[in-house]
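For reference, chains read A, B, C, D, E and F in written order, and residue numbers begin at 1 within each chain.
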Amino acid sequence: MKFSILIYGSPHNSQAVHTAYRYTKAALAAGHEVHRVFFYGESVLSGSFLNAPQRDEQNIMQLWHELALHHDLDLVICIAAALKRGVLDPTEAKRHEKPAHNIEAPFQLSGLGQLTEAILLSDRLVTFGG
Amino acid sequence: MSTLHTLNKAPSNSSLWHDCQRALQAGDTLLLIENGVYGCADDTFTAQIIAADIKVYALRADLAARGITLSGDSGVAVASDDDFIRLSIENNKVISWF
Amino acid sequence: MSQKSILLILSQAPYGTPNAREALDIALTSAAFDQTVSILFSGDATWLLQAEQNPADIEQKSVAQVCAALPMYDIDQLFVVTDDAEQRGVEYQQSPASPLGSDALSAFIAKHDVVLRF
Amino acid sequence: MSTLHTLNKAPSNSSLWHDCQRALQAGDTLLLIENGVYGCADDTFTAQIIAADIKVYALRADLAARGITLSGDSGVAVASDDDFIRLSIENNKVISWF
Amino acid sequence: MSQKSILLILSQAPYGTPNAREALDIALTSAAFDQTVSILFSGDATWLLQAEQNPADIEQKSVAQVCAALPMYDIDQLFVVTDDAEQRGVEYQQSPASPLGSDALSAFIAKHDVVLRF
Amino acid sequence: MKFSILIYGSPHNSQAVHTAYRYTKAALAAGHEVHRVFFYGESVLSGSFLNAPQRDEQNIMQLWHELALHHDLDLVICIAAALKRGVLDPTEAKRHEKPAHNIEAPFQLSGLGQLTEAILLSDRLVTFGG
């Protein structure tokens, strides 16, 4: 079966991003396809490589990063939600004349159209809110 | 056609519980996740829902985190992450209440 | 691409959080991709339909204007949970949303393929 | 010794309103800010508080943003940002309910 | 520096948000600066006192352990709103917090110089 | 009178940071002293210069930045809350081996002790939560 995941809660202020991670891992382990993970609202902060949690605390960026590499996951961060929250890739940093960026592959910025497409092409859309 | 509903807030968020409850139809399933599992500490919240022919589950990892144990006769079942996937498939869609 | 009936249930008041605004952006995008999107204003989101909102002093944009413009983007399936609006005293009578009683809610929600609740 | 209480959520957050209300003492002041001003749309929320000898204000910018007007006999007063400062000084401390 | 009586009122459940944990960090820091800090567990924060919390599977640290350690940092003025705990069925009997009825709340809160509610 | 401000809500998910800004501006305009503004919890995201809101939307970092320069305000971002949320100054970026930073003066990182000190030295502490 083909799933897509929509995450809406802050990685720092809700369990949403971690629960979605466990869900995605379980779906993949059961042999299902995860078409896309779409980060919207505060969840766009999940992708920042500047996040520096303590060594004994979870690094949610790292967890998603590793899962994506193992399973060729499509991790899309909503570009409009990301820009206002200071989450930039090199292209957007340049476009907005910012001196730095804080996300990189496998996370990628794209528009809300990627969510619409995911809704249409997936058997199930599962949302994890804040 | 049935729906899996997930709910992630404690019953103190009474407007969320109210909104979710009025959307449930007989044959649907409710899965309590995150702080939603606090709804299992007192059977009265779930008893009403179960009486309306809704199956109620609570996510194991979130129960354990919070030290909540289910009373044997509450009618609420424990769900693993794998069960969460299975319930998502057995129902026709998933609605998330947060 | 296939067609699915999409329902967005809004539940949060405007301005305190961007929640309602971000949900509306999903509706606008889906409509731009030629999808049929219905919007249900429930709970505190019935406040989006309140007359004469003026958020200039809190330096935000009017969410009411976004709601008013929805039909122009072919989003004309708008519904308001009348019990919720009336319980709060929302002045929604001029809004383009059709009334829906809370007793009809579960059947209304069940008939859509995809339901997102914000 | 009196306290200025601020409250920033709509009455649908009933546990917050309940928690705040039971902390109020006669002579205290309650200032509704942000989504808290939705509590002025229906006099019943504020009438109970005012009856307990609590002064109730609502922040002007937040009222205007949301299109909420106060009914003349509600007993709730409009506060500017300057009034917010004044009320913070006139009371001995400020407690924020959010 | 002067001395002020500081009261922290916790109201949120653990794990869903870091709210309670971050409030406790304020208490620990203030105690380290030799201030007298009292903590009141109210509402869903009474769940912090629940026995046998094990958040390993959600990859979080136990907030219960932080609470249990508070007296070691000279934070021994701990109170629990008994009505709130009992209404929720919280198993708090082994906790070091002293019972406080909700009828005594407003007077208790009023007597502190600085009150932070999280 | 001497005020200190504690902000706890997200700049992107609550009004807290903006309401606190208006409050601080009003206090200063009335001739009062604002001893310190302390950013805690999600509010630490307010200081990032990577935030790129649309032109017709508020830029909360800019608003605080300008207010601080005009009134010599002490804007302290809680370091523990900031690190886990990916909010870094050059020193912390280097210490945590991160390739970029996203805050600069007048925002500064410091410990929770600065909040305790603000509580003790101010006549009023006013909190703006999310």
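Heads up, the rule we're going with is that a residue touches a chain if its C-beta (ideal position, glycine included) is under 8 Å from a C-beta of that chain, and two chains touch if they have at least 3 such contacts.
Chain by chain, the UniProt names read as follows: A, F = Sulfurtransferase complex subunit TusD; B, D = Sulfurtransferase complex subunit TusB; C, E = Sulfurtransferase complex subunit TusC.
Just so we're clear, the structure is a prediction, and the values are computed from it rather than from any experiment.
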| item | value |
| --- | --- |
| Distance in touch steps, counted as few as possible, from subunit A out to subunit C | 1 |
| Smallest count of steps, each to a touching chain, taking subunit E to subunit F | 1 |
| Set of chains adjacent to subunit C and to subunit E | A, B, D, F |
| Most remote chain, CA-based centroid, reference being subunit E | C |
| Chain whose mean Cα position lies farthest from subunit F | B |
| Self-contact between copies subunit A and subunit F, residue sets same or different by half | same |
| Contact pairs, highest-scoring chain pair | A-F |
| Rounded Å distance between subunit B and subunit E, as computed from the means of their C-alpha atoms | 28 |
| Chain centre separation in whole Å, for subunit E relative to subunit A (CA means) | 34 |
| For subunit B paired with subunit F, centre-to-centre distance based on mean C-alpha positions, whole Å | 39 |
| Numbers and ranges of subunit F residues touching at least 2 other chains | 8, 12-15, 19, 41, 57, 125, 127, 129-130 |
| Subunit C: positions in contact with at least two other chains | 15-16, 18, 43-44, 58, 60, 114, 117 |
| In subunit D, residues with contacts to at least two other chains | 8, 12, 15, 34-35, 61-62, 93, 96, 98 |
| Complete list of chain pairs which touch one another | A-B, A-C, A-E, A-F, B-C, B-D, B-E, C-D, C-F, D-E, D-F, E-F |
| For the subunit A and subunit B complex, residues of the former touching the latter | 1, 3, 8-9, 14-16, 19, 22-23, 25-27, 29-30, 32, 124-130 |
| Residues of subunit E that touch subunit D when the two form their complex | 11, 42-44, 102, 105-107, 109-110, 113-117 |
| Residues of subunit B that touch subunit A when the two form their complex | 6, 8, 33-35, 61-62, 81-82, 84-85, 88-89, 93-94, 96, 98 |
| Subunit E residues touching subunit B - in the complex, by the definition given at the top | 13-16, 43-44, 47, 50-58, 60, 64, 88-91 |
| In the complex with subunit C, residue positions of subunit B that touch it | 1, 3, 15, 19, 22-25, 93, 95-98 |
